[in-house]
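Following this line, the structures themselves.
Presented sequentially are two complexes of chain A, the first with chain B as partner and the second with chain C.
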Partner chain A sequence: MSGPVVKLLMRRLLTVIPTLIMVSLLLFCVLRLLPVDAAAMSLPPNATNDEIAAMRIEMGLDLPLIQQYGIWFGDMIQGDFGTSIHFRTAVSTLVLDTLPATIELAVMAMGFATVFGVLGGLWLFYARGGAVEVGLDLGSVALLSIPEFLWALFFMLLFGVSLDLLPFIGRLGSGVARPETITGFLLIDSLLSGNMATFMDALRHMILPSVALGLSAAPPIMRILRSSLMDVYQEDYIHQARQRGISEGRILIRHALKNAFLPTLSLMGVQFGFLFGGTLLVEIIFSYPGMGNLMVDAIRNADLPIIQTVGLTYCVMVLLISIVVDVLYLVLNPKLREA
Partner chain B sequence: MALLDVKQLTVSLTSKTSTLDAVSELTFQLQPGKTVGLVGESGAGKSMIGRTIAQLLPPGFAVTGGELLFDGEDLVGMAPERRRSLLGRDIAFIPQEPLSALNPVLTIGQQFREHLEHIGKGGAGWKDRAAAELEAVHLHEPRALLNRYPHQLSGGMCQRVLIAMAFASRPRLLIADEPTTALDVSVQARIVRLIGEMQKRDGTAVIFITHDLRLAAEICDDVIVLYAGRQAEYGPAEVLFRDPAHPYTRCLELAVPDVTGDPRGLYLLPERMPGLKAIADLKGCRFATRCPLADDTCHTQEPGLAEVAPGHVSACWKSFATEGITPPPAPAVAARGSEKILEARGLSKSFVTNWRLFGGASHFHALKAADFIVRDAEFVGVVGESGSGKSTLARTLIGLETPTSGTLQLLGRDIIGTDGGTRDWRQKQMQIVFQDPQSALNPRRKVGSIVAQALEVGGPRLTAEALEVRIRDLLSDTGLSQEMAARYPSQLSGGQKQRVNIARALCRLPRLLIADEIASGLDVSVQAQLLNLLLRLREELGFSMLFISHDLAVVRYLCDRVLVMSKGEIVEHGETEVVFSDPQHPYTRSLLAAVPKGVRAPQVEELSA
Partner chain C sequence: MAQRFNWLRSGRVITGLVIVTGLVLCAVFAPLLAPNDPTEQDILAILVPPVWLPGGDWAFPFGTDSLGRCVLSRLIFGSRIALTVAVCGALGAMVLGSILAHIAGYFGGWVDWVIGRVVEIWLSFPPVILSLILMVGLGAGLQNVILAIILVDWTRFCRVLRSDVMVVAQRDYVAAARLLGFSHWRTITREILPATLPLLITLMSLEMGVAVVVEAILSFVGMSVGAEIPAWGQMIADARADIYSAPWVLVLPILAIFVTVFGFNILGDGLRRTLDTRLTQTERA
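What follows is the complex of A and B.
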């Protein structure tokens, strides 16, 4: 089994490189269209035009666009993502500080989306043909039409403000000890340092944003799981299993679900990509210190190095997710393992 | 006591307003170790009995009368848990489509283990037991097989796995629903023999469901012929085949061509079997509308099952009057021209199977240096098992594959890999009809527009009137009524769809038609109509045809000459009558030997694998 996986990984990694070059080129050129003078911004407000011109030359802004891109890309390959104009710190440090928070949020949200999606899909499947189905069907369509930021605002107001059940600002409450940074993932770090209080507090902070995100990603999963289960139950091998006297529960878990999960999985990959983009708004609403907030600050300050790098990071994450999904698909579907 | 006692069993599609019987008052007994065949066209209700035994009826269907006793226990009213413990253990099933009856994401071992656990033979050492069962059905390297997935096995191997699973519990009853229909004729012979072998070992009683009367006559003790949900005839297999009492049995037998004996025509059953709704409106015998012997009594009173000989019953007012039903004379031998329509010389096609960066590649030779000629107004059959290269040949001829080497001439003109002009010309002269009539028709186009589709490209534009006339001609040529032009493919039966495909192929009057298994999967009466249609059209339009089929009897009926293919090679070719009556190549001999002939053969000749 490892042979085909390695083959697939190599093939996918080969396509990742041109994709990244294209995305970075696009990002670079589009951002250059902004009426922003990076040189002027890097100098005190009272700098003279000569000083700005000198700065432009120093920063390489007088070079042709493609050459500027070449320099940026060359630096990036060596791990130098530039310096933030606003914060005056290395962009890589800023992104590495915030990326784990965002990944943590997205993974947890995807977990919720999977649980809601699979349970909801099974429920929809079991209710088929009955009166309940109509209601559930309408419900799932309604869910489908609610975006993540509405859920976020709603949860914040209901569970955070009115009922005061859960915290809704940041990653940790004030006065809660921050564990030392090992992986950057708060949940993992607090567990590693054995700080259960911090772990619980971080977990409570994550519930509202991740459930909001997860709920918005769940309905398509529900619906596709339901319809692929319905397709699978038409298959001969289900009929044959019943003729062998295999129980319905076993048929569902062992025979139907694994087959029905294949189309669901490819959709989940797409959903995870969307969800990762969706973290941006949710982070803003919950003042969650992730990459989304960094991005919004950077846009406000026209901080081009940060915008470029964060944009590229989103792209890398989505590519990684699709590779992971492809590998999972390969593992679950024996027919693909041949070639 | 009979192992299975079916008394007046009625299965119906029930709704608030109506009750439509799919099976009416079915009655038979099956003794331990015996085999009963259920024979009939599709829609006759053959599969209902198996589904009733497992209580896996299609939605809306239910048992509305009669009894179904297994070893004295009522299978219909039984608690689901009790039934589940019988299924797979005492009652086993072998399905029609072996490849799709195994779960594609689980290994053979995982599925076998689950089954062994269900029948109480799981636990440690299951691998040894599974391997032993697989060995009993003559599968090689059973242990390695356990780690493989269904798609890595051939259809015949999958069917053997399913047979091994079915017999792992030493069942008392086996229901085999068309277990060989999806398989090649030689594989069919081996599978049938294997089922018989296992049946003997365990003393299992078998219900063998098939559309093939000859196959049933070869392997069953008793045969039930079903028509529109009712037993037409029930009796000992040999008697029923040799001397049928019911006209339907006789018609079924005469509707299929033989692979031996004097050439004869095919008996044409008119129209189609009545559907569930139509049955409910019938007053007399259900077969009366198509019966050549029917008179007023038959149309007004339904005949009951009457004993016509000891152990032989027939539901007909005119039982044994069947000698009056004779096949029409053999079709006249058509005048063949001498003009070469298609000429292939050394035509080869190989595929790269395993390409390596270093060390070259391995090739699979799907077609090895084929030489043949198709002459004017000549029907040439191509026979062979799946994987013999028949379809590669068809795909190469119509240009879907580029041959690796060799020449191909159509009407003396080279047609390999040439420019667009030649391609258009080739398409006009040569047309293909595919096996699956459904998927070859655009579901969103009406029949009229489908058959005239070829006129949309190339050639002069026709006026609306001229187009109408052409559509009308094509429909009447292929025996379709004019109203069909306004219908969509989904509103047609399988036989009608295949006629539409033929009409479309004939639209621009090609000189050569390539037919890829176009008569497979059709009911025998529909098949007979289709074969006669092709013969009539040749007389009227004078085209040639390359007819690819795994059914040797059909090829013998239809084709002037035959090519026998094995492993990509044409191993024998010649006039059909000569090849079939005096086959030279051992492969041809084994193919012919494997065809069921309706008599209990002492032992079918073993085929080389």
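What follows is the complex of A and C.
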């Protein structure tokens, strides 16, 4: 089993490199359109024009665009992502501080999206042909029309403000002890340090943002699971299983779901990528200290080094997710495994 | 001929059309419909509740926001921005995406490869992130919001349509057209486009919903039109500060966005169903 997986991994990693180079080039060029003088911004307001000009040369802003890009890319390969103009700290530190929070949120949201998507898909499939189906189907179109940030605001109003059930600001309550940073993932760190109170508080803070994100990613999963189940049920082996007297529940779980899950899995990869971008809005709404808030603050301050690094980090995450999904697909699909 | 209007029999299409038409009317006749000037601030009437709540005032049917501006008037005028972006953004994305899809699917070979790689690069950006970055580069403003939507969402059309074009391009009648001496351009526009048109219209309707959401997101983070022009996302961003005292100021624009996007989605869903069956019927005939 490991042979094809390793081969696929190697191939995918090789195609990812040119993609990343193009993505970074695109990012670099788009952000150079910004009418902001990075040299003037990194100096105190009373700097003279000569000082600004000297700074431009020092920062390499007088060089041709492609050469500037080369320098940036070369530095990045060596792990130097530049210094934030606003915070005066290494961008890599800022990103590494916020990335785990965003990953934690995205993974938990994807968990919810999977649960809602699979349960909803099964429900849609069971209701097929009945009067309930029309209602459910219209419901899924309605769900599809609610983007993550509307769910987030709605949940904040309902469960946070009106019902006062769950916290909706930040990652931890004000009086709660922060665990020592081991991995950066609050849930894991608090468990590792045996701090159950912190763990529960962090979990409660994550429920509203991750359910909001998960709900927005679930409807396409529901719909594709339903349609692939419909396809699978046309296959001969389902009829044969029925004739062998296997119960409907067992047919669904042991035979149909296993095969219908493959197309669903590739869609889930795409949805996970979208969802990862959606964390940005949810983070802003819930003041959740992740990469999204870092990005939006950087945009307000026109802090280019942060914007381009965070932008690139989002792309790296999306590409990583697609590789993981491809590998999972291979592992779960016996037809591809032998090839 | 009767078949041509089959889509009008779908409840979904009708529902979608009713909602969308209502919105268009709101946008076109906004100055007549709105009870107040959407930008006028009335310091004496701050956070007035809507009429169905105690303390409501018919002068402001949906209440006022924290600056004393009429929420209903702002919602009505906000539909102008939403619809402008929906129509222009979706149209632009459709034109760019479907031209590239037809070129890639029809010619195949290296052209297809190049366009495929470009789509792949685009898809490694989460759409929200790419549109934010584009807005940073382009600067705020209605035209740039539309441009950003076109530059982000053309891939939605390109990806889906390309495979459709590839299937159609294999058909005998396309080969026949070429043998008759039709130029590539004429073959694509006269023979292939009519076959891909149903899918294109469906995607267009769905994309209008996406465009409304993107505009709301961008104006929510303050990167769309200026604060002086009423837009739904902007209203949401403004209302967050008064979430405890005046939740309706937040709820109403949320509902407006939901209803609009639902209208485009249900229209697209209905069109997909009816136009698809029409396609299979002609195939069977």
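Basically, the second predicted complex is superposed on the first by the 339 of 339 C-alpha atoms of A that agree within 3 Å, B and C clash if a C-alpha of one lies under 4 Å from a C-alpha of the other, contacts with A are read in each partner's own complex, and residues count from 1 in each chain.
Operating definition for what follows: contacts are C-beta pairs under 8 Å (C-beta built on N, C-alpha and C of every residue); 3 or more make two chains touch, one makes a residue touch a chain.
Predicted, not measured: the structure shown is a model, and the values here were computed from it.
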Next item on the list: Considering only the touch criterion stated at the top, classify A:Arg223 as touching first (chain B), second (chain C), both, or neither.
Entry: neither
Next item on the list: Could you look at A:Arg171 and tell me whether it touches chain B, chain C, both or neither (first, second, both, neither)?
Entry: neither
Check: In the superposed arrangement, does A:Val161 touch chain B (first), chain C (second), both or neither?
Finding: second
Checklist line | In the superposition, chain B vs chain C on chain A residues touched | finding: C
Notebook entry, point to check: Is A:Leu153 contacted by the first partner chain B, the second partner chain C, both or neither?
Noted result: second
Note to self: Let me check the overlay on chain A: which residues of chain A are in contact with chain B and also with chain C?
What the structure shows: none
Item checked: Complex contacts: residues of chain A adjacent to chain C -> 19-20, 22-23, 26-27, 30-35, 138, 141-142, 144-147, 149-150, 153-154, 156-157, 161-162, 273-274, 276-278, 280-281, 284-285, 295-296, 299, 302, 307, 311, 314-315, 318-319, 322
Notebook entry, point to check: Can you list the chain C residues touching chain A in their complex?
Noted result: 12, 117, 120-121, 123-129, 132-134, 136-139, 209, 213, 216-217, 220-221, 223, 236, 240, 243-244, 247, 250-251, 254, 257-258, 261-262, 265-266, 269
Notebook entry, point to check: For the complex, which residues does chain A have touching chain B?
Noted result: 235-237, 239-247, 250, 254-255, 258-259, 262, 332-335, 338
Check: In the complex formed with chain A, which residues of chain B make contact?
Finding: 54, 56, 83-89, 92-93, 95, 97, 100-107, 114-115, 118, 149, 151-152, 162, 165
